[in-house]
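So, here's a batch of structures to check.
The following pair of complexes shares a single chain, chain A, combined with chain B in the former and chain C in the latter.
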Partner chain A sequence: MIAPFALPFMARALAEAVLLGALAGVVGVFVLLRRLAFVAEALSHAVFPGVVVGYLAAGAGGVGYGALAAAALATVLLTLRARLSEDTALAVLMGAFFAVGVILVSRRPSYTADLTTFLFGRILTVDAADLARTAVLAGVALGTLALLGKELLLAAFDRPAAAALGYRTAALDAVLNVLVAVVVVAAVQAVGTVLSVGLLVVPAAAARLLTDRLALLIAVSAGSAALAGWLGLALAWTASVDHGVPLAAGGTIVAVLVAWYAAARLLTLAVR
Partner chain B sequence: MSYLTRALLEAATVGATCGAVGVQVVLRRLGFAAATLAHATFPGAVLAGVLGLAVYAGAGATAAVAVLALALRRLDLGVVLAGSLALGVVIASASTGTSRDVAAYLVGHLLTVQTADLLAAAVAAAVVGLALTLAGKELLLAAFDRTALAAQGYPVRALDLLVLGLVGVTVLAAIPAVGTVLVLALLTAPAAAARRCTADPARLTVLAAAFGAVSGVAGLALSHRYDLAGGPAVILAGCALLALAGTLTSVSRR
Partner chain C sequence: MTSGVAAAARDVLIVDYKTNRPPPAEAGGVVVAVGDASVGYGRRVVLRGLDGVVRGGELVALVGPNGAGKTTLIRALVGLAPVLAGAVTVLGGTPAAARRRIGYVPQADTLDADFPVSAGQVVLMGRYRAVGWLRRPGRADRAIAARALEAVGLADRARDRFGTLSGGQRQRVLLARAIAQQPDLLLLDEPFSGVDAASQRALLDALAGQRAAGAAVLMATHDLAFASTACNVVWLLNGRQYAFGPPAAALTAATLGATFPGAVLTVGGSLVVGR
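What follows is the complex of A and B.
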């Protein structure tokens, strides 16, 4: 379970997976408490055209910036959603953005291969620059949470109280949406647009089954997500190299997390 | 039948079905549940493709499991959604040479739909049409005022299950036309546009179905004229319709 990571590309993949897992695990707790899972899902699809444009304009290095621009545009449009319910606005936005991305990518000769790469990521080919970008995004996100975590929690549990204390709850909502977008952008290259939602949603949901205490919730969520990054990569490697079954690394990481959630769910059902 | 005729019939049928069921999705705010059901079809479709079974059988089986999981409310929606995706991706990656199929499941292949797909779309349209004709009034009342319906002795939980089942059937039939990701916009945009244009609940479903069919046909025309991918063009037509309805109604109310 350790030997594969002696290879440089596997070591980089491991660093990326652990970093992303810890980041998404922490932000995921806030996603869970504010019920933003659908926002995370919609944003993960909405960044897709940005990923494609970034890639067409500047190659692999442009993907992150394109995703960031698309996430920003989607977040702005979401706040201007007129009289649509948030649920409907998210569904429409997600479909429209994704459709634009597919139309752009369908113009390329290597259409289906490109599409699946964008959707499912390529964690085994992250380079030092990708890692540095992820580390910066993680620093920004975790720094923001360290500064505003208490206010965000107050708004999550008791919105009227937060408003009565003079906090601007709409601004706090916007901060959290931006944080979700940051995690999605960081995760896009590694696990692809469709699996990034898994990192944001599953570890926090599993941790919530096991504990009510916030500090423990954050620790279990981040720890299990980072651990799943290592376990998923090791599993994918073993299956591919030792058993000739090529497993997608990103998908395997999320599958490990889902198995962990299932175990936690069974445990809570058995205890009750 | 030429490929274009098949695509036209498919787009119109799927569009109308999505529009009609979409009224329930929009009124009950089932967007996330619909997204979960749509993604839940993905691993089943991939597995059926790998095993050489009918795609509808595999996708239908996993969607049915998801409908039950949603109805029982014992699992987090987001986990079902992410887990379905991960499972589908892992299965697809383990069997080489399926990347074209995976792309087709996710974004559809409107221009190459087969007669069997048309048949499936027609069956789904008939099922949805029948259910909405028989129980439409109760379903609308449940969407607007659950308490009133429960007080009159209607089985509210059974109606919830019926709605989820109808969404599942619709998503399943829509996969060849628009795929599992884009279907969500077709389930919401035409219905939301109809909601803007009429406050009359009796007309709402018919208008939404008409808007859905128009989105399908207009999208196909755009796709044909400008050489765009078929499914995404239908989705963009539906979203344009919503934007148009929103603009026109807010102008006329001023």
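What follows is the complex of A and C.
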């Protein structure tokens, strides 16, 4: 389970997976508390056309910046949603952005291969620059949470009381939306737009089954997501190289997380 | 010598080292002043003709049927519902400017019982504004929060998850959160609905402590017996103000009949208000 990571590209993939897991695991707890799973889903889909445009404009190196631009645009639209209820606004956003992405990507001759890469990522081709970008995004997101965590917690728990204390709850919502967008952007190269939601939602949901304590919840969520990154990569490698069963690395990581969730669920059922 | 020190001390303005503000309003000082005010949302007026002065140490019952506008008045006093006409002054300024000194206590059953926070963490939230952005609550804040939880009789439940407490205990935790703010005005929205007798007593004891310290308390309630026996002032509301004053003066057949149309009977010389 360690040998494959002696190869440089596997070592980079491992670093990326662990970093992403820790980042998504922590932000995911706030997504869970604020019940924003659907926002995460919508943002991950909204990032798709940005990824495509970035790729068409500047090749693989443009993917991250395209994702960043699309996430920023989607977050602004989400914050400005005039009179629509939140789920309606999200559904409109998700459909519109995804349609644009599919139209753009379908104009490419290598349509299917490109689509697969954008949707499900390619963690094994992560280079040093990608890794550095992920580290910066993780630093920004975790730093923001360290500084604004208590306000975000209050607004998630008791929105009217937060407003009564003078906090701008809409601004706090926007901060969390931006953090979700940051995770999706960071995860897009490695696990693709679709699976990034799994990374964001599943570890926190599993951890919530196991503990009521907030500090422990954050630790378990981040730790399990990082571990799943390692385990998923190792499993995908072993299956593909040693047993000739090709497993996509990104998908395997998320599958490991889902299995972990199922195990946590069974454990809570058994304990009760 | 001793009396000289005491006399000198009286002339010194004591500023709380933690919150950096003068000590709370003296009992009897004006906390809320409302003059011919209307409140509501957007252009829709929910309550009109509001007039009254609430002083430190008073307990005011906001009484009216469902939909009378009690919650809207509470929201207006904390600056979350606009004042559409007239004047609403809280602690000498606009309601929004007074927010840090206003403890708002929502109904406990409006909150998610699954939320992974302990009772102690909830009470500590009352310190967040004083702690300020980007900083964590310190030892002094934790001590204040612990005292607040003690004041509502739940010192031993600090580590319990909020959602595992009974409805009445959750209401007490929310009051403790407001007390941790060290407020000069407490606003409570139906604090006794679905609350057992023990918790009701604990809430009242804690409120009495706050009133003794100079805070004014405004409470929306359905309980007319409580309003008439335990409160200094009754504020009768239903779309407009029907009475504001001591229970004996405010609670008459005429004012109650107007506030609760069709629900007031006279039985053997006593007034009975139905629902």
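Observations, loosely collected:
The criterion applied here is as follows: the second predicted complex is superposed on the first by the 272 of 272 C-alpha atoms of A that agree within 3 Å, B and C clash if a C-alpha of one lies under 4 Å from a C-alpha of the other, contacts with A are read in each partner's own complex, and residues count from 1 in each chain.
The criterion applied here is as follows: contacts are C-beta pairs under 8 Å (C-beta built on N, C-alpha and C of every residue); 3 or more make two chains touch, one makes a residue touch a chain.
Keep in mind the model is a prediction, meaning the values are calculated, not measured.
Contact with chain B, but none with chain C, is seen for A:Val100 once the two complexes are overlaid on the shared chain. In the superposed model, A:Ala163 makes contact with chain C only, not with chain B. Legend: residue contacts after superposition of the two complexes on their common chain; A:Gly198 is shown touching chain B, with no touch to chain C. Look at A:Glu41: by the touch rule set out above, it reaches chain B but stays clear of chain C. In the superposed model, A:Thr211 lies in contact with chain C only, and not with chain B.
Of the two partners chain B and chain C, it is B that touches the larger number of chain A residues. Within the superposed three-chain model, A:Lys150 lies in touch with chain C and out of touch with chain B [touch as defined at top]. Shared-chain residue A:Leu33: touches chain C; no touch with chain B. In the superposition on chain A, none of the residues of chain A is touched both by chain B in one structure and by chain C in the other. Across the complex, chain C is touched by residues 33, 147-148, 150-151, 153-154, 156-158, 160-161, 163-166, 208, 211-214, 217 of chain A. If you check the complex, the residues on chain A that touch chain B are 37-38, 40-41, 45, 82-85, 87-88, 90-92, 94-96, 98-100, 102-103, 106, 111-113, 115-116, 119-120, 194-195, 197-198, 201-202, 205-206, 239, 245-248, 250-252, 254-255, 257-258, 261, 265. Listing the residues of chain C that touch chain A in their complex gives 78-80, 96, 99-100, 102, 104, 106, 110-112, 115-118, 121-122, 125, 128-129, 131, 133-134, 136-137, 161, 177, 181.
By the touch criterion given at the top, residues 25-26, 29-32, 34-35, 74-79, 81-83, 85-90, 92-94, 96, 99-100, 102-103, 106-107, 181-189, 192, 228-229, 231-233, 235-236, 238-239, 242, 246, 250 of chain B touch chain A in their complex.
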